[in-house]
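One chain, subunit A, appears in both complexes that follow, with subunit B as partner in the first and subunit C in the second.
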Partner chain A sequence: MKPVIVKQTKAFLKVLALAVPLILSAGAPASATPEDAGAVAHDSATVTAEASGAHAEAAAAPGAESGHSEKPGDVIMHHILDSNVFAFEPFGEVELPKIVVGGFDISITKHVVMMWLAAAIVLIVFGAVGSRYAKMTPKDAPKGLANAMEALVDFIRLDVAKSNIGPGYEKHLPYLLTVFFFILLCNVLGLVPYGATATGNVNVTLTLAVFTFFITQVASLKAHGIKGYAAHLTAGTHWSLWIIMIPIEIIGLFTKPFALTVRLFANMTAGHIVILSLIFISFILKSYIVAVAVSVPFSIFIYLLEIFVAFLQAFIFTMLSALFIGLATAHEGHDEHEAEVAHH
Partner chain B sequence: MEGLGFLGAGLGAGLAVIGAGLGIGNIAASAAEGTARQPEATSDIRTTMIIAAALIEGVALFGEVICVLLALK
Partner chain C sequence: MLTSGIILLSGGLLSPNPGLIFWTAVTFVIVLLILKKLAWGPIITALEEREKGIQSAIDRAHSAKDEAESILRKNRETLAKADAESERIIREGKEYGEKLRSEMTEKAQEEAKKMIAAAKEEIEQEKHRALDVLRNEVADLAVMGAEKIIKSSLDADTQKKIVDSMIQDLSSKRN
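Take a look at the complex of A and B:
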């Protein structure tokens, strides 16, 4: 059994090795090693030199303030990655404090500020809506903001929680609602000028997925007990197959949060990369016609698509969390029921 | 030789998009057919469709993330 696990952990580590550079570069934007920065500059220089000789000047136009030439790739990465500087382009920038405790960098970065903003908006909106509901008599209908929020909350309650988790869904409703509105606000705040997409950071999405993972496991343990939980790991197969089934089931536990992580992160990052790439087409080709005919209309189209994606991804994350909780709690009961039916 | 990484990233991104497009297109076709046959099951079909599309999209985005890592290395 051990070699199998070792092999699979090795495969998992390889996947991690792909993700780690991104995570690291998100954590330490300013302190990239000089060789890396040199290699990036060199690579893009050789490729772009063939396309157009005067490319560097074209690319430098948006970053003219900084004085040195920047490649489109650098500008895109600068926009996507986390940093300690909150830039308000024509008006200057705000330095955020750098805090390091015991070797861990816990400084307040751009994405942390955006997360706090999202959390504050959620608190204020739902505080106001909640106090209005507390004052209402059963005869009153909610008005304005409370009415709008009721539609969303009811949608999550009925279409997401109740239909996926089934009986006992009320217990998980607070988490699902919180995670939905938090992700939604993080996504939407990323589309606001000067904003940054906190959910376009692997660390944020991984943390949210870890919450879902622990809630799923605890719900599963509570629903089946330790014995039922262990039995679930063998997938009800003959003992001779356990050597294969147990590692697969354990890997299966971890692929769900991993998929949640990468889905949200990649979706939120991809939109920004596409918009910036479309804008940079006009700078690379140095043409007003391309700017008017391609860059502006297409980036507006992608921007509108991004608004839809912001809602869709918040919904998908909540929906899949509810689905995983539902699978973890209801699956075994269903089997027992079938066994009973077979017995009779 | 240094351009080969970019070539690989571009080809990989295109292949991932082909796969995802075929998959999501199949789902949409089947969902439209199912809705036409059974209009009362529209909301169930839509939910199932969105979940399946999101799963396919997730797999495609794994590929795209790897391509971006390759291109920006």
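Take a look at the complex of A and C:
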């Protein structure tokens, strides 16, 4: 077992060894933008923010705050938003490569890097666990990491997929498991110092929700056929109501992924904004007492809450995806039948 | 706090970023495909196999229990049958013994009766024979007496006296 992990770790290090110089060389010119220059200029104020290295930049705010009241907001936004710079203050920054293909800006941004990090961790962990399971006979008991992951996998399998989708849940299981662990890792990595929350970006959550949307529609089409799918859009009502029902049902199709998008994005963003805002209270009021009595304890509390929310939101996204797939496959036929009975 | 409103409105938070959408899609699909092959396949198969194994173990245990119960029932039945059989044999033996005993006693009694009867007959025969012998002797004696009477005298008195004395003599002799 151990050599496999070592091998995988070595492979990962090789990839990293290849990737890191590439990224570093791409960002070598370090063409500092005016905004960055401002941040560097205020580095002298970092002494006050030694509590959290990740938020060292926050110190820039009170220094420049005298004139502009929007400054804390800008700094918070700087932490929440995606950027082409990966800041490791006070150690420096890594300029990430800008790639433009056919007019589309597909640069490797901070959130892309965090996403890849999450993907790498998921791949390493489950590569190891999967290879262990591949060698296991039904008589062997899982141990250690495999056992811990099995609890989560089995939870998703039985309590999320099987109970919501019903028969034929095995087909959707790989998607649900991947989306759960991917979102979970993205959420958790956002809580690590210097990290950024990829799932706190609306583009990332939108893409994931669109995956769920397509899978739901394909599952619905497969389960009912084109005729049944079209019949569902009328919700089984009288034809005179179709002019109202069809737009409503079509809007209903899109509200589900929209809700998924906003829920995950807003939850992940809100927590960070609250933590940063709590820290900024002490800077705005320029008081150590407020910092000790309010900012630090409250931000620690919110931080712990965020750890819980990271798990909860990953679970909810997976749960709702499973629920939508289940609704699209099994229960629609039932509803339709009921509607038909009511109609006659 | 006015800033929170400004944060939302100042843009950026909801601005679309096609590059990020592209990278998310690519990363997610790659992760999904790799994990499907590398992890979910083996893990789910192993879990299902284990579930099946547990189910079959439970089924086997149930069937074994049923089998054991049926064997126990059969054993009990056999035991009861054997008990009845042995009881029957003992009873039969007893009956046979009783019969044999009564038969034997009956036979013995009959034999005894037969023997008694035979003995009685023999006694009767002996008695007859003895009487015959006696009769002959008496006849002889009478003849002998008559001879003596005839020999001594044919006087009536003396003859009478002689016969009397002889008879007396005889009776005293016999007694």
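Definition applied: the second predicted complex is superposed on the first by the 262 of 344 C-alpha atoms of A that agree within 3 Å, B and C clash if a C-alpha of one lies under 4 Å from a C-alpha of the other, contacts with A are read in each partner's own complex, and residues count from 1 in each chain.
Just so we're on the same page, a residue touches a chain if its C-beta (ideal position, glycine included) is under 8 Å from a C-beta of that chain, and two chains touch if they have at least 3 such contacts.
On a predicted model such as this, the values are computed, not experimentally measured, just so you know.
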{"item": "Which superposed partner A:Asn267 touches (first subunit B, second subunit C, both, neither)", "value": "first"}
{"item": "Subunit B versus subunit C as contact partner of A:Gly73, first or second or both or neither", "value": "both"}
{"item": "First (subunit B), second (subunit C), both or neither touched by A:Val112", "value": "second"}
{"item": "Partner chain(s) touched by A:Tyr175 [first = subunit B, second = subunit C, both, neither]", "value": "second"}
{"item": "Contacts of A:Ile300 with subunit B and subunit C, given as first, second, both or neither", "value": "neither"}
{"item": "First, second, both or neither for A:Leu320, with subunit B first and subunit C second", "value": "first"}
{"item": "When both partners are placed on the shared chain, which of subunit B and subunit C touches more of subunit A", "value": "C"}
{"item": "First, second, both or neither for A:Ala259, with subunit B first and subunit C second", "value": "first"}
{"item": "First (subunit B), second (subunit C), both or neither touched by A:Ser277", "value": "second"}
{"item": "Intersection of subunit A interface sets (partners subunit B, subunit C)", "value": "73, 77, 273"}
{"item": "Residues of subunit B defined as touching subunit A within the complex", "value": "2-3, 5-6, 43, 47, 50-51, 54-55, 57-58, 61-62, 64-66, 68-69, 71-73"}
{"item": "Complex contacts: residues of subunit A adjacent to subunit B", "value": "18, 21-22, 39-40, 43, 46-47, 73, 77, 159, 163, 259, 262-263, 265-267, 270, 273, 312, 315-316, 319-320, 323"}
{"item": "Touch list for subunit C against partner subunit A, complex", "value": "1-4, 6-7, 10, 12-14, 16-25, 27-28, 30-32, 34-36, 38-47, 49-50, 52-53"}
{"item": "Footprint of subunit C on subunit A - complex, ascending", "value": "69-70, 72-74, 76-77, 80-82, 99, 104-109, 111-112, 115-116, 119, 122-123, 126-127, 129-131, 133-134, 136, 138-139, 149-150, 153-154, 157, 170, 173-175, 177-179, 181-182, 198, 201-204, 206-208, 211, 269, 273, 277"}
